[in-house]
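Here chain A shows up in two complexes: once beside chain B, once beside chain C.
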Partner chain A sequence: MDSTEARLDRIRGKVPPRNHNARTIAALSSNPGCARRAIMDAAGADKQRLAAHAGFPAGFGQSQFAITRGNAFEAQVKANGCAELLRLLRDQLRLPIPEVSYDNLEEVGGDASRELRHARTRHLLMRTAASGRDAGTLFDHPLLRLEVGGRAVYLEPDLIAFRLNGRFHVVEIKSFAVIDGQADGGKVAAAVIQSAVYVLALRQLLAELGIGPDAVADEVILVCPENFANQPTAAALDVRKQLTVLRRQLARLQRVDTLLDLLPAALTFDLDPDPAGTPRRPAADLADAVRAVPARYAPECLASCEMCFFCRDEARGATAALGRAVRDELCGVEHVASVLSLARGADPGPGELAEAAQVLRSAARLRQEGLGEAV
Partner chain B sequence: MAESIGALEERIELLRAQVRQALVGGNRERASELRRGLREAERAWHDALAALEQEPPEQQRPRDGRLLAGAAEGNARAQAGSAERGLAGPAAPPRLQLPLREQVHQALTLLTVPASPRLISAVHEALFAGAISTARLTSLRRDEERSFLVAPFARPYYLCAALTADLLAPVRGLLSVSTWPMERRVIGPLSPRVDYLTAAIQIAESVQRIPGPGPAAWRLLWRFAVNIPGGSAQAGEVDPATVARAARAEMEIHADADTATRGAAAARARRQLGDPEQLFGSRLRAAPQAGVGA
Partner chain C sequence: MSTLTSLARALAVERGRAQPLCTVRHLHVSDRPLVVVPLAMAGEANAPLAAMAGDDPRSPALLVVSQPRNRDDRFAFAAELADVIVPYIEGFLGAEEAVPGGPGREPRTRLADAPQLLVPSPAGIAFVRLLGRSTRFRRAEGPYPVPERVPALGRWLTFLAERAEYPGSSLLLAATDALAGHWASGQSPAEDLNLAALAGWIEPPDGLSGWEAAAAAEDPLTWPPAGPATDPTFDNEVLAPLIAAHDQARAAGDIAAMGRVRTRLEQALASQLLPTWRLMWRAVELLRGLPPGGHVGMRWCADKDVFTGYVDYLREGGPPQPRRDTAVAAARRLATLERLLAACSAQRAFDDPLVMAEFRLSGEAMAGPVTAAEPGRQDTSGPRRKLRPHITMETSDPVLLDLGAVLSSPARPRQEARVLSVSAAGAGRTRVVLELAGGMGRGLAAAPGSVPEVGEVVCYATFSDGYQRPPAFPELADTPWTHGGPPPAYVPSDEDAREVWS
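Entry: the complex of A and B
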């Protein structure tokens, strides 16, 4: 019996795994029923390459420009022992002046391996939570861990701040601007969910050390540039609602090995690249392999998953592809073709759809009266 | 003939390094003894050059780019007079700007604390001759380390690393000067803030001192003023005396704890680390397996 790791490695193919991060976990928990995404993310497959090779490239992900700008802003906020961030935290958290201690967890003695960084993060946070004289204040690039689908995933929030006799706060630094107190709602929502993932991970880490969840605040500090200059501003955001949703969705995420048991043992998404890196596997073959894992497409996938166009094409003709609201309006009938035939009245349909057929026929009649054209 | 000049130059370099070390170690008699030897070697070198002048001009010595050779040549050129110009090839054009490491040294000497490339560049632009490209600074520390390993203490100073107080590893992104005491070059948890405040004080005093600080200097000072409580008395205005006063006030709060941490770390570094590690930090290595597996 293969171990889960070995099976996932085989599915992924001969490339190094891509890491989960808070963004992928947030997206995954918004669509917990999608086995395809769960398997691909657990295996660390490069969904962008797979989608492109199967013939459905997604023009997706952050632009290089946005990534560079984000890094530059983060570097500016954290420069000189987090000088600008301290100003904001002294304002937002009423951080007392003597608390300025800064610990960098990006590498441990020149070694940047994840296990080492995680061990040191645990050590420092435990020492801080004991609130002794050595309590730290700012922890830069901490490395947390979270159980997702039965596997441990490493997560790296931007920063964790701690106030003596107070609580830990997750700090997220984003480069979208807050103009006159308003920011892009979608981006803020995404930032909030990602931060909720970090709060969950931090609470889990502290729980392993015997410290209760109250040690981590429900409020996350979001740092963004203000107006049109690059001056950072901070806001405290409540993530309790997102935490509840997240906890529920993560619990519902089926364990990955259960999903793997349902799949053929020889399944692989390997692109079989030649020495130059060009994939040699036929696209149709790859598409068949991907289709062997069931998906659950919804229009929300277009905003969060690189396989979206592939799955949408596959789901064509199913009402689920139109979104849950539309599907409910169509009385839950599964295929667009059935909806149309019921509405036209040509086919009375099976007994259990009698009510649905009636609703759809009246809708068709209304449409004909209103628009003057038949369905 | 060329060999003996080369050998003399090497001896001169060695003696100079030894003189410097003796002075730093406080050993005056040894220093004067070495100085006497140095003067003799230099006299012999001048004589050899004068003798060489009578012969037809030599082939230009190949510049192999090694820093030590370059330093020796540079020193030789500086020491001898116009006599040597025919020897070392065409004279270098008068340089309008100092070499990169000198510029960085200038900025760090003003700040008196370890600093990031961005801050060094900003200080140099505001208070000296112009901006330093931060891209060129990224490889500087590595180049200095290589130069040090080739010929330890051959140069009067090296641009080296700052060390973390807990593991004595090099701190990413900070440059410091090798001639500073160890206490200034270790970084404890409170040290980033203390060094930031010290830098603010130094910059404020420089702005007060120099006759016509340009807008870059005021901008730099303002960036410090807004991040120190009490640094800017009125919004939009920045006054160097206020900034310095506010920085000193906050520094008082952190100074004792920080000094204690740094002192302990410096003592440990001097005890446990060799010369290269004291300057450039030590990294974690896997401990050798002890004993034979059962």
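Entry: the complex of A and C
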């Protein structure tokens, strides 16, 4: 039997692996039952490219306006050794932060290999933690590692960590606006869950060094533009709830090797590119390979997974494709065809469908009465 | 959302076409609505990029911002939009209508009609709210002066966006909400937020199924997003180079080049807006195709009352809406929202048997034939005889009624029915005996038709569409200390007016 690494390498094919980031982990944990996404992410497959080649390209492009604005805002907050950020932490959140230095961990002497960067992050954080006092450093771009589905994945966080009163704090900079003290709920929720991923990864790193979870604060600091200007504002957010959710979801994520055991040994998503990089693998063949890994599609996938259109097409006729609420209201019956045949009086047989059948028949009768047309 | 609406979705999946959720229309559609399709620049808090607006499907006004990050360009856009929206709204300030008085109410007058703004989706309503917020505090004098109509626009947009939160209000509507409230598509509610996809399910082009029409609608090349967010590929490949070219021409002071780029920018943005513009008017036609429900006119009158009230407030020189509600205003508003939600849901059920069916399925209403009636029965227990007919009805609906519960019926809304007994009638049916009171005339014999006869199919619900008294709230000056005590009077500050919009 091949090692898990070797199998994942074969599944990915002859392309470099793609890194996880907090966004992909947050997305993964929002649908932990999806083996397809778990395998593809574990293998570092290029989902966008695969979906496109299988005939279901998903537009997850980002507007350059949004990117420019995000970068500009971040640069503004971090300019001059994070002067703006320090002002917010001191004045707005009233944190007694002494004189600090700023250390960007993105580059390690010109070499940016992940192992090296992670090692440096570990070393510096350990030294700070061991020193017993607040070393007065803002660590930018630490490279973290998190156990996902039984495998360690590197995280490229866009965050700043600093230590105060013996605890590390995570700062997340986002460019959506907070207007009159209120921001878009969906965006805040996404930012908070991403920050929770960082808190978790930071705790895991410190745990490896024998340092308890208390060393990382439950509160993260979110920095956003205020109102319609570019002036930043900061808010402390409690992520304990998100941490609980995340831990539970990550624990529920099946171990990748267990998932692999159920898949054909020769499975690969390799596109067999010619020297110019054009895929030679027939689309139908790739689609068959993708279908060999079971998916669990839900409409939420449309916002977070590049494979969404492929899986949606596959899930056509399933009540889950209409959304969790609709499926629940249809008494959890799995397929639209069964819903309708039960509604039209089909015998549910003994067992759990009997009650569903009764509700659906009543619904069909009432709809027919109200509309005067057969269901 | 209920089992019935979900069943309609299942049917839409099977039939490849949206299925009706209502037999009547539950919102008001103006004879002359103002359609506004706004676009905003990605990544910015509220940077208008373009808009198509107007009350005539054949001649929309196209508004374009050449550099959405430029403050002056933004305010120029706000002024142009104000030129479309403010005169439209002020067009309703003339004609008044008389409202007859009632018990405890003086006769009065109100504006005879009110404006109606239509945007593509809930995100469009959010845009209206934000644009209102960023313009309503501006001033025509002092530093950074803006044209007088810009703050006027801001107040109106804020007023409309606030009203849009009230159940049953039709002053500002999102087309996707309006359509999805009346038709069930074969896709998820999240996908219904795409106006083109939803319209594709409701009215697929010839030869296409709802599936195919919705899939086509997801291609941003044929159906650009209905906004305010634009297609990222359009941003990167078309918009960014044009904006850069315009910046360059402006920096060089090359007026001719600016004009040329501007024309191309307008063409590009028009191509993004026109499909949605047409779709908006198709949505209007689809909604007009449904007959209005019985209570729609009443709810529109409430809208007219609120509109008239705000016009009066403005005429008295009231300041712009504050950034945050006071405690009393917030509590009053929440209570009103709850009350309206309940009232509106009851009214919809009374207007529409298909909506009532949802309540019958959940046991909050029942329908069936009358099997026995004593129309002349009198209650002689008290000092005065009272006409209290009894009727017996049988229903197949799941009945979850308490003895003594008071029910009402859409057919006789002014009559109360008290549940006297509930018993099984065999074959899954339930027999219910009801005692009727009210709505039968003054004498001791029921007026003809006021008591259901044997054989008539009747429907009774545990709720009624009647007026409910709003709860009492303290005056602003009596705000309890638990809520911060009486708030200082809101005075718009110079700071509000000068706020950066960058």
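Note that in this section the second predicted complex is superposed on the first by the 350 of 375 C-alpha atoms of A that agree within 3 Å, B and C clash if a C-alpha of one lies under 4 Å from a C-alpha of the other, contacts with A are read in each partner's own complex, and residues count from 1 in each chain.
Quick note on the criterion: a contact is a pair of C-beta atoms (placed from the backbone, for glycine too) under 8 Å apart; a residue touches a chain by one contact, two chains touch by 3 or more.
Model, not experiment: these values are computed from the prediction.
After superposition onto chain A, the modelled positions of chain B and chain C are compatible, with room for both.
Touched residues of chain A, counted separately for chain B and chain C, are more numerous for C. Contacts of A:258 after superposition on the shared chain: neither chain B nor chain C is touched.
Of the two partner chains placed by the overlay, only chain B lies in contact with A:100; chain C stays clear of it. In the superposed model, A:321 lies in contact with chain C only, and not with chain B. In the superposition on chain A, A:278 contacts neither chain B nor chain C. In the superposition on chain A, A:244 contacts neither chain B nor chain C.
Of note, the Cα-centre angle with chain A at its vertex and chain B and chain C at its ends comes out at 110 degrees, rounded to the nearest 10.
Shared-chain residue A:90: touches chain B; no touch with chain C.
Nowhere in the superposition do the C-alpha atoms of chain B and chain C come closer than 11 Å. In the superposition on the C-alpha atoms of chain A, no part of chain A is touched by chain B in one complex and by chain C in the other. Taken together, the chain C residues at the contact with chain A in this complex read 1-11, 13-14, 20, 23, 41-46, 130, 133-134, 186-191, 211, 220, 230-233, 235-236, 239-240, 323-324, 352-354, 356-358, 360-361, 367, 396-398, 499-502. Within the complex formed with chain A, the residues of chain B that make contact are 116, 118-119, 164, 167, 169-172, 189-193, 195-196, 199, 224, 226-227, 229, 250, 253-254, 281-284. Residues of chain A that touch chain B in their complex: 79-84, 86-87, 90, 97-98, 100-104, 106-111, 116, 136.
Residues of chain A that touch chain C in their complex: 59, 61-70, 175-177, 179-181, 225, 227-231, 299-300, 302-303, 316-317, 319, 321-323, 325-326, 329-331, 336-337, 339-340, 343, 359-360, 362-367, 369-371, 375.
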